[in-house]
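Just so it is clear, A, B and C label the chains in written order, and each chain counts residues from 1 on its own.
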Amino acid sequence: MITENTERINTATTILTRKEKEDSTTKKVIRVFCKNRIAFVSFIVLLIIIFSCLLAPLIAQYDPLEGEITDRLLVIGSEGHILGTDEQGRDMLTRILYGGRLSLLAGIVPVLIAGFIGSFLGIVAGYFGGILNTIIMRTLDIFYAFPAILLAIGISAALGQGINNIIIAISIVFIPPVARIAESAVKGVREEEFIEAAKSSGARNFSIIRYHIIMNVFSRLFVYCTTQISISLVLASGLSFLGLGVSPPNPEWGIMLNNLKQQIFINPLLTIIPGLFIFITALAINLVSDGLRDALEIKE
Amino acid sequence: MAGFILKRCLLMIPTLLGVTVIVFLMLQIVPGDPVNSLLSPDATEEDRQRIEQELGLDKSLVVQYFSWIGNTLQGDFGRSIIKQLAVNDLLFDALGNTFILAFGAAVFAFSLSLIIGVYSAYHPKSWIASLGNIIGLTGVSIPNFWAALILIGIFSVMLGWLPSAGMKGIGGGGISDTITHLILPAIAVGMTTLGVMTRMIRSSVVDLLQKDFIITLQAKGAGTFIILMHVLKNCTPTILTVAGLQVGYLIGGSVLVETVFSWPGVGQLIYQGISQRDFPIIQAGVLVISILFVLINLIVDILHAVVDPRIRQA
Amino acid sequence: MGVILEAVELKKTFPIKGWLGKTKGAVSAVHDVSFSLKEQSTIGIVGESGCGKSTLARLIMRLIEPDQGKVLFRGKDILTLSGAELQSVRKKIQMVFQNPYSSINPKLTIIDNVAFSLWENGVSKQEARKKANYYLEAVGLPRSYATRYPSSLSGGQRQRVAIARALVLEPEIIIADEAVSALDKSVQAQVLNLLQELKTEFSLSLVFISHDLNVVEYISDEVMVMYLGKVVEKGIANQIYETPNHPYTRALLNSVPSMEVGVSTLNNSPITGELPSPMNPPSGCRFRTRCPHAIEQCSNMYPPEIEIRTGQKVSCILYESSSREKVLL
């Protein structure tokens, strides 16, 4: 009797391929992503920028902190200084490479921190509901009530200067939105029948969250967090621009823009360079995250 | 309807309280001792205690919070450490200027995004649609303080068309003068919103145009204008929500742009506060704008409910 | 064969919360429902959507706590158990859910979906997967499917996975809550046959819930008909199908299109009216608002259960007089 059924299954409809083992989801996502040319090119550009900055000590020829005053404000394409020099005579390219490290750091780390903490809070609030949910979400709502920049300014001004404080401030700013997404995603999954089935087998809540909930909310959270990276980058540069981040003479794209701000009347092209890098990096990140989102959605 | 408004207002109160608590806590985590800066080097322990008492720092945190709130509600934001002026004088002037800037940016962003967004939805292959795509993409990636610099670079330095700083010209006054000064900053502040809204309006309209009831209208021979009205009516709730969220961004975003243009708004005050380590100003600025942000969100919520009756049921 | 499961006067009402948690009303989902399931037999529970069958299923499994009543598993009231005892009884009663597309975790492999319940109950993952393989085979899925993901399986195959998952804890009772309703007719037959085979192979007792009368007739030994949270009739399956007593049961059976050539079912009395809101069920007999035979007394009190024949019970005022035969009709 059982074998009859097996044969029936084998001859029945389904459109399955001959493969015995299915491709894991990650491989599928990567494949779809790479087919998207814009996303792929952006990804390569991003890699180039990141690696150049990481390898700054090897690539850069000059000292990022000190320069020859006599060489100040050389134009782009000057001999020996391909991107010119800043108002203190420091080589622009060198400072861009070194500065990129801090800018990128300040872009990625807060998202990682907020991603973990926010997801944890959101999942707990979404899964357990009730009073716990109310406490967590209402508290986070208060932070949500601030415009992001102002909250970041307020916190980092209070904490003091330094890139660590910007990172902390931006992390705090990002935790509520991540938690909201996590909470609503979990609420959506929580009512599914397979969760009921898991509960009826007597599994502990922790296991249910680990095996059934997290995997089903992960892609949504991941895509959201990647879109936040570019915002974090711009926000961090903005805070540095205001003077809250690194202190001179350390390079960082935002503070470099502030230093050069006055020079716009003398040499407008030069002053725009640090911002150009912020822009291109943010753009590349956005295109990559768009591509990722499309790849993950297609798979769903 | 009235019940809905009342409910929303009531819900807003704990949020406002929470905002004040957080701003108060920000003031508390400032490292360093505010008393030290007011003491002379050879002050005694008694002097120290006296000043602490004056500033109310010897009382518990909760009491300090309430007295701070009490003062704030009466319009007394304390004294800026550096400028011995009452903060509130500086603040309210600046607030008005920031509003003007945010309003200008909103007008720019909302009207342009509406036009480009709707047009792109109707004519997806046109150059305007491509422009819309580019705007959408750049808008969300561009740092507005950099956009400000570029605008100055092009229109003030290279072309000399528009002024690059301040709100009024020398010896100036008058609306048209303010407007010329407003153009570049407003564009800089509004760029991101322009990008977000264009994208969103375009996709909403595209979605809606494919809906069956619109196609039915077309089949019945309704004119383009009538269909457009239907489309807009249906899009309005979503657009309104996003627009409302953007308003907060516009106000907050003006902080950075004001510093580039030396626009005398709250952002400029905060910037000066940062460079001078003047915390009362910073926190006062943050507090006031955040409270206004909450109020504006409330108004947007109510407007949304007026436009879309379904919200009222929730 | 003794009685393996008995529900005694189960009652469950869901309050409706208004503003600020105030209770605005209540949905009487299940009211005074009792039945008994004999070992290795199948009871079919049938009724319209909203009659409380799914709530009943969850009450029996104690996924929801009843307000009143008892659930006796082999004589022991499971509502009084807790901890390890409750857990061991839980394993004995398992459920197969309705929607094959949402009852299996799309992010876990088939084998893990089935093995999860087992490794959560103390068995090692390796052992659990071995057993899961065994049951996947038992439901007719080839070995190669084990490492696949649910998205590449059809509805019928997914239900087989759901059945395997229910079997892996080696229960004695399986509750199938609309387990075939979401499947194509041809696949329904396959899955129903599978259930029959498994029932014999693993000595299971089955509670089969459905709104589809044909399916229930096919698979059940006894049948219980529910309406708006109450039991209207119950008894041996073919007796009820041949001679339905309750007006609701009659109307239900009459509304089923007949496959027989030459038999017209168009003129039989259809059920009129709309299903009343479960928040405000009609007083007395809940069916009276749609019953063609309703009389005034029907609104006074819910008619008590009367045993018409051995094993066949009905709750209708028409059968209340001392004679055991029908009065009207």
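In this section, a contact is a pair of C-beta atoms (placed from the backbone, for glycine too) under 8 Å apart; a residue touches a chain by one contact, two chains touch by 3 or more.
Being a predicted model, the structure only gives us computed values, none of them experimental.
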Touch-based graph of the chains, sorted into line, ring, star, complete or other: line
Chain located farthest away, centre of chain A as origin (C-alpha): C
Between chain A and chain C, centroid-to-centroid distance (C-alpha), Å: 49
Inter-centroid spacing, chain B versus chain A (mean Cα positions, whole Å): 24
Where chain B and chain C are represented by their mean Cα positions, the distance between them in whole Å: 57
Multi-chain contact sites of chain C, meaning residues that touch two or more partners: none
Where chain A touches two or more other chains at once, by residue number: none
Set of chain B residues in contact with two or more other chains: none
Complex contact set, residues of chain B against chain A: 14-16, 18-19, 21-23, 26-27, 29-31, 137-138, 140-143, 145-146, 149-150, 152-154, 157-158, 248-249, 251-253, 255-256, 259-260, 270-271, 273-275, 279, 282-283, 285-286, 289-290, 293-294, 297
Sites on chain C touched by chain A in the complex: 61, 63, 87, 90-91, 94-95, 97-99, 102-108, 112-113, 116-117, 120-121, 137-142, 144, 147-149, 152-154, 156-157, 162, 165, 169, 190, 193-194, 197
Residue ranges of chain A touching chain B (in the complex, touch as defined): 138-139, 141-143, 145-151, 153-155, 157-160, 230, 234, 237-238, 241-244, 257, 261, 264-265, 268-269, 271-272, 275-276, 278-279, 282-283, 285-287
Chain A to chain C touching residues, read off their complex: 1-2, 5-6, 8-10, 12-14, 16, 20-22, 25, 192-194, 196-204, 207, 211-212, 215-216
